[in-house]
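Shown next, in structure tokens, is the structure this report addresses.
A, B, C, D, E, F, G, H, I and J label the chains in the order they appear, each numbered from 1.
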Amino acid sequence: MLFHVRMDVRIPHDFPPEAGATLKATEKQRSQELQRAGTWRHLWRIAGQYSNISIFDVSGPQELHDILSTLPLFPFMEITVSPLCRHPSSIREDDK
Amino acid sequence: MLFHVRMDVRIPHDFPPEAGATLKATEKQRSQELQRAGTWRHLWRIAGQYSNISIFDVSGPQELHDILSTLPLFPFMEITVSPLCRHPSSIREDDK
Amino acid sequence: MLFHVRMDVRIPHDFPPEAGATLKATEKQRSQELQRAGTWRHLWRIAGQYSNISIFDVSGPQELHDILSTLPLFPFMEITVSPLCRHPSSIREDDK
Amino acid sequence: MLFHVRMDVRIPHDFPPEAGATLKATEKQRSQELQRAGTWRHLWRIAGQYSNISIFDVSGPQELHDILSTLPLFPFMEITVSPLCRHPSSIREDDK
Amino acid sequence: MLFHVRMDVRIPHDFPPEAGATLKATEKQRSQELQRAGTWRHLWRIAGQYSNISIFDVSGPQELHDILSTLPLFPFMEITVSPLCRHPSSIREDDK
Amino acid sequence: MLFHVRMDVRIPHDFPPEAGATLKATEKQRSQELQRAGTWRHLWRIAGQYSNISIFDVSGPQELHDILSTLPLFPFMEITVSPLCRHPSSIREDDK
Amino acid sequence: MLFHVRMDVRIPHDFPPEAGATLKATEKQRSQELQRAGTWRHLWRIAGQYSNISIFDVSGPQELHDILSTLPLFPFMEITVSPLCRHPSSIREDDK
Amino acid sequence: MLFHVRMDVRIPHDFPPEAGATLKATEKQRSQELQRAGTWRHLWRIAGQYSNISIFDVSGPQELHDILSTLPLFPFMEITVSPLCRHPSSIREDDK
Amino acid sequence: MLFHVRMDVRIPHDFPPEAGATLKATEKQRSQELQRAGTWRHLWRIAGQYSNISIFDVSGPQELHDILSTLPLFPFMEITVSPLCRHPSSIREDDK
Amino acid sequence: MLFHVRMDVRIPHDFPPEAGATLKATEKQRSQELQRAGTWRHLWRIAGQYSNISIFDVSGPQELHDILSTLPLFPFMEITVSPLCRHPSSIREDDK
């Protein structure tokens, strides 16, 4: 089932740059694993923001939380979750 | 280019039901034409809300506005638009 | 899986009282069916508000939306949905 | 009597990790004592958030405050309290 | 136990004046009964607002809700409830 | 004349504990002097919050400000002030 | 003593124009009486808004409320009151 | 001098369509006169909104208010005004 | 022309007290010069807040910005500016 | 195509002044290059704020994000983006 997730990243200004770079590299790697697995179905950047909008395809809130809460940047993100379902006017079978 | 759009529908309680049904039927038809054309790329319902989250693929803000402002339900919707761009960690070529 | 739902009821002041009474009676009946089925697991009133806080146990966002959007009072409610999962400190097996 | 409590945890990024781990372990222990005593009746994680939603069964606001304000993580939490009462449509005798 | 309640009154502009006057007179009568009974312990007007701030002394959220939800102006009020308890610096024995 | 004051205390996590304890002790002493003088008429804790709701009886905004701005915890408090007046339905002569 | 008051006027679109004109004329007359009496010390329009910012010089919250709540447009105004006092850097003796 | 103005138009659903059409036609005419006069320097539509963002070049807040408050759609608009001045990094002489 | 300005001062808790005292003394001196020049026409303290409400009489947004942005406390203030104009009901010639 | 961008700058109080001065100088240089290229079409200061309002003329959200996210002050700015399009009442051919 699908969940719409917005993540706003707020890394403190005094966070050590090298530690930050490591976090971001690990985050990217993890994100791409999840994309390849089909779990992180879409990932967009919001123009002008250090934020993304994502669509996750998971077995439920538990799997979603397990994924989000173990992302390397989780302690530095504001996260908003909206459960999605099929829109009656949608023509795409898999948008559900 | 892609735009993320959230639409919250608020039809007044005293709106004539038949006129409302006609509006919704025309809205559905228009939405499906735009989906088939590839312009309205994704369309999801937010669970528990009379709202949708959509991804539009248009030539720019002008085409987006022309589409949204001529939707039959436009006068009854709160609309929020976020321009999207490619996320550097995305592995999907067309999510841009 | 569990979803936390808050419903704030706003019936317009000029809504016909009899139609309102019918809606509420049907809503109560439907709510009790869903409680007996185990789907609407908890239902509380917030003191001083025409609002409730509920816990639903459903198969996913689609079933949740199908239930909420067909409640008789749906057109008159502001609804907020939060997906829940098991808290690592919880000792109750079924609070997940 | 029942109170609905939402706790959002915000531990500063520069808080010493060991002190943090101790706080969380003590919090978990205290939380489970209160759950076993029937005082902390429900405890859920909100998916994607470092937050919980809880139902407390206490003798009144004083006991609730004494419990919440002595939780180890209290200085790091935003807390929202809503007093609950029995919903007229509820079929559960103990949801009051 | 004590609850702090703020009530903001919003009577629609097209509400029949006579019905409004009746509601207000009944509300005043009910409010004074509850004050004499010691249940509605304090009642103040906020300067410049059609609003009051009140302190209720009740047996719990259920009694509070039963009182508030049966006030004649209840359908026209925004109500905010905050449970109170004794402040450790208070010198008044009954402010609890 | 009466003023309703809400104070939310936010002491930074890295504030020296001893300095904090001294501030709180002085604050308590000052608060009790003002209560004994009849100036700080009521003082309640909001359950679950490091916050109080207070009623002050002062000669005007100037005296109120002189009192609040010299409280030891003033630099660490969010303060909201609402001027009160007699409610036409109140039966308490001194609630004005 | 001085109070800062902001008034935002919201007359419903379907309010009878003649009744509206009468209300506004009476409001203007009352406002000018109070200005001449020195009670309504300043009155400014906020550019682009159907709103004013005013300074009242009254004996306390009670007089302020009696004035504001009997203004002809009171039922159609959002009012925000801030009690003022002398600023320690002010050089104007009467700005208190 | 320049002012940034955002106007959000909210015409009630039950407003007579012909009266609405007349208002909009007059608004357009008035807007174009002011644009030709150089007073209404820029006028953009926000994509997806019945809203505009405008830059006015006027002699001061009084002229701005006289213009805005006599626009035919003024009673149906939420207006936000921000006074602008020259940015120290700007290279355009007339952006002041 | 007149501008209404609200300034909320937020000096960080770890700011060196001597540097803070110097800033405040310079701010006071600058404020009084501008008051004597007639530019800073009114200056009030909001009771219970480390905030002021001020009326400035300047030649336009540019002069206002030059004044506000060079105040010693500018980096520590939240500032809100509202352009004012003459109210049609005002009887004071200079309140424009 | 045009985008309306508001940038609010928030440089932490403990940021090294020299590093800050370097950032600002580089930001100014970059801003002027983009203005000369016609990409950063307008740039205004909001009076009383450390904020600007800008109009960008870019090929789409991707170019806009590439520009904004590489501005030297990007990590210290709150940015709000609104896509613009031609207003049907505009008489300026290039305001689109």
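Quick note on the criterion: a residue touches a chain if its C-beta (ideal position, glycine included) is under 8 Å from a C-beta of that chain, and two chains touch if they have at least 3 such contacts.
The shown structure was predicted, so the numbers you read here are calculated from the model rather than taken from an experiment.
**Student:** Enumerate, in label order, the chains that touch subunit E and subunit F alike.
**Tutor:** D, G
**Student:** Going by the touch criterion stated earlier, list every chain that contacts subunit E and also contacts subunit H.
**Tutor:** Touching subunit E as well as subunit H, we find G.
**Student:** Whole-Å distance, subunit G centre to subunit I centre, using C-alpha means?
**Tutor:** Averaging C-alpha atoms per chain gives centres 22 Å apart.
**Student:** Quick one: report the Å distance separating subunit F from subunit H, using the average Cα coordinate of each chain.
**Tutor:** A distance of 45 Å separates the two centres.
**Student:** Return the distance between the CA-based centres of subunit B and subunit J, expressed in whole Å.
**Tutor:** Chain centres of subunit B and subunit J, defined by C-alpha means, are spaced 28 Å apart.
**Student:** What positions in subunit A touch 2 or more of the other chains?
**Tutor:** 2-3, 45, 47-48, 61-62, 64-65, 81-86 - these are the residues of subunit A that touch more than one other chain.
**Student:** By the touch definition up top, name every chain pair that qualifies.
**Tutor:** After working through each pair, the chains in contact turn out to be A-B, A-C, A-D, A-J, B-C, B-H, B-J, C-D, C-E, D-E, D-F, E-F, E-G, F-G, F-I, G-H, G-I, H-I, H-J, I-J.
**Student:** Can you check the complex and tell me which residues of subunit H touch subunit G?
**Tutor:** Listed in rising order, the residues of subunit H that touch subunit G are 3, 5, 12, 14-15, 61-62, 64-65, 68-69, 75-76, 79-81.
**Student:** Over in the complex, which subunit J residues touch subunit B? Could you list them?
**Tutor:** Checking each residue of subunit J against subunit B gives 1-3, 60-62, 64-65, 81-86, 96.
**Student:** Would you mind writing out the residues of subunit H in touch with subunit B in their complex?
**Tutor:** 13-14, 45, 47-50
**Student:** With touch defined as at the start, can you tell me which subunit I residues reach subunit G in the complex?
**Tutor:** Touch list, subunit I to subunit G: 2, 4, 27-28, 31-32, 35-36, 42-48, 52-53, 82-92, 95.
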